[in-house]
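Shared chain: chain A. Partners: chain B in the first complex, chain C in the second.
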Partner chain A sequence: MSEISVTGKIARSGATRRETPEERQRKATIQISAGVLLIAAIVAVAFYSQGANPKGAYIWIIGIGLGYVLQRSRFCFTASLRDPILTGSTTLTKAVIIALALSSVAYAALQIKATGMNLETLEVAKLPGWIRDVGIHTVIGGFLFGIGAVLAGGCASGTLMRMGEGFAQQWLSFVFFVVGSVIGSVLLPLMQAAGLYRKGAVYLPQFFGGWVPALIVQFALLATLYVLADWYGKKKSGEL
Partner chain B sequence: MDEKKNYPFHELYLKREWSYTTGAVLLTLLAIALVIVTGKAWGVTGSFGMWGGWFLNLFGANVDAWDGFKGTPVSTYNFWMDNTAITDLGIVIGAFLAVLLAAQFKIKKIKNGRQVVAAVIGGLLMGIGARLSLGCNIGALFSGLPAFSLHGWVFFVCIFIGAAVGSQFLKKYFI
Partner chain C sequence: MAEKSLDCLGEACPIPLVKAQKEMERMAVNDVLIVNVDHSCAMKNLPDWARSAGHAVEIEEVGEGEWDIIIQKLK
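This part shows the complex of A and B:
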């Protein structure tokens, strides 16, 4: 199992050659100094991007924050789906469910603020969040994505994060991620022609005929998943 | 020498890993901040196809005329006007900053051919899958499911089934 160096978590804990304290100290000084220089460069890019895009600096700094948080918390969507199967651990799965539940609260607020409670006349495409066509293409795409993410040892955000951490494997998978995206962009119209694409998004508050049932269903499902993940994790670790 | 005692600030604020729940809360806050600032939700892979198309365009391929790129011409693509591209670069650099400040940066080389095969197949499948389902784990799952879109839920179920199948491949051929 120790060969799963595709998983950042396991790879990072892998023992390396013993360094003397002096060597370690010097390496740390160099890296932290480089980090401070990098902060200066990030600020410079923030100024540049603000000139190129009216909201550039805000977006850039949020992006830096996302990378920093992903790295510090070892947050990986792929691992949250893979670990229950491979190792039986559901700690990360539960954290992803918490993130989804918190985000649901925020999106509910933003969407109600944007449109009011009237669900009859709203244009789904203009709502905050991505509400997109759902159909057989979602099933095929999600399935392929799931296989790919586990093999490559990182999903979309995880691949970018590991590139920053210095994993050569993710630089390689990123190149093929881009290649695959071009192939996928070309395939999509062909799928549409073949009838493997369903047009039309399903917005749950509209589908269930109101915010109240939609919120109940959303949080009931997330809570069920959380309890299930908690139970499964405890069972696998022998606590139950 | 006990480095923990010598550098308590570094140990506590820059080196100690955060809990997954801390990550969940902070990621949610940042993702929502992005929606409030730009009006659009966080995405990652939307730009990947554009970068590929832009690259092919450099070599004379008339990508703009391809069916899949209609509506999003690559010849006029501007990286700094693409919100997704900016956050993508930010994630790489932000993670790089985090490891540097923690003094944990290390280039991890590819160890064997199996890792190459896994990276190539995995990358291709993710790219194709993301375009077909109109979003990745971020665009469809993290910015779709909480936005009360059914496609987020369907994607969640299917990515999990895919991950289960992928784990079997991983166990069989890559470990």
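This part shows the complex of A and C:
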């Protein structure tokens, strides 16, 4: 409700039908009952998943929390890359850069715990996390994903979040999101067989010759991007 | 001073913005455009764009999850 900001300075005849107080009251009752049921269901699932997996409840609650933050903050990865071109606004771009910097800290800590500081004899395939072979398919896939995300009005997390908000078109996006993932998992072995893959994954800390230079490069790049985004946003909004 | 409504219900994020941008080009200074949206993302990028383009913007929640974005063309 905090998003309403009617100052009434713009004169208008009021073309859109507004909800009557009775309608609002009725919807509020439905919302509160549905909310109570939903919280009960969330707790029930947490108990159930804890029985199946010792970390189940934690993962479930962190997931719910992330979804909540995503919805309330209007955080959107698609918009972070689309809005600079469409509206000239880089607020979300900067938010994503900050999120990447923060997760780099935590991710590096987890990785260092697994790899140690000596990376020369490291076997990349045994590391935790999603470290996979790179190749031209990564670029092509990223490009296709970008087109899809803009047309669908959200990336993976954005689609899930807006499904929950009740935006029907996003349910359709989700169906084809699943279809696309299935096609991808079928094509993946074929691509590997066709030799489109680079042999082995590139592990950046190893590539840059150690954790210290790798982290310096990472944060220097992110800082540069942040400064660029900030400058671009200010230029577009006429502050510069 | 003309007033125009744009029905963008059921349209995902960049579409209401692009439609509004096109509509604004055709409008005269001081005309009012009312964009009716129900995609929460449009609630952010449409006012963002309109403000950065130098127009007056107001947002009114006309129903649960349904908003009017009222833009007055100022230049």
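The working rule: the second predicted complex is superposed on the first by the 214 of 240 C-alpha atoms of A that agree within 3 Å, B and C clash if a C-alpha of one lies under 4 Å from a C-alpha of the other, contacts with A are read in each partner's own complex, and residues count from 1 in each chain.
Definition applied: a residue touches a chain if its C-beta (ideal position, glycine included) is under 8 Å from a C-beta of that chain, and two chains touch if they have at least 3 such contacts.
These numbers come from a predicted model, not from an experiment.
Residue contacts after overlaying the shared chain place A:82 against chain B and chain C alike. Looking at the shared chain after the overlay, A:68 reaches chain B, while chain C stays out of its contact range.
By the touch criterion defined above, A:201 lies against chain B but remains apart from chain C after alignment on the C-alpha atoms of chain A.
Of the two partner chains placed by superposition, A:44 touches none, neither chain B nor chain C. Contacts of A:31 after superposition on the shared chain: both chain B and chain C are touched. Once chain A of one complex is fitted onto chain A of the other, the partner contacts of A:237 are limited to chain C, with no touch recorded for chain B. By the touch criterion defined above, A:19 reaches chain C but does not reach chain B. Looking at the shared chain after the overlay, A:152 reaches both chain B and chain C.
When the two structures are aligned on the shared chain, A:169 is found in touch with chain B and with chain C. More residues of chain A lie in contact with B than with the other chain of the pair chain B and chain C.
Residues common to the contacts of chain A with chain B and with chain C across the two structures: 1, 3-6, 11-12, 16, 24, 27, 31, 71, 74, 78, 82, 86, 91, 150, 152-153, 162, 165-170. In the complex of the two chains, the chain C residues touching chain A come out as 1, 3, 5, 10-15, 17-18, 32, 34, 36, 38-41, 43-45, 48-49, 52, 54, 56, 58-65, 67-68, 70, 72.
Interface of chain A with chain C (complex): residues 1, 3-13, 15-19, 23-24, 27, 31, 71, 74, 76, 78-79, 82-83, 86-89, 91, 150, 152-154, 158, 162, 165-170, 236-238. Chain contact summary for the complex, chain B toward chain A: residues 1, 3, 10, 14, 17-28, 30-45, 48-49, 51-53, 55-56, 66-69, 78, 80-81, 83, 86-111, 115-116, 118-167, 169-171, 174-175.
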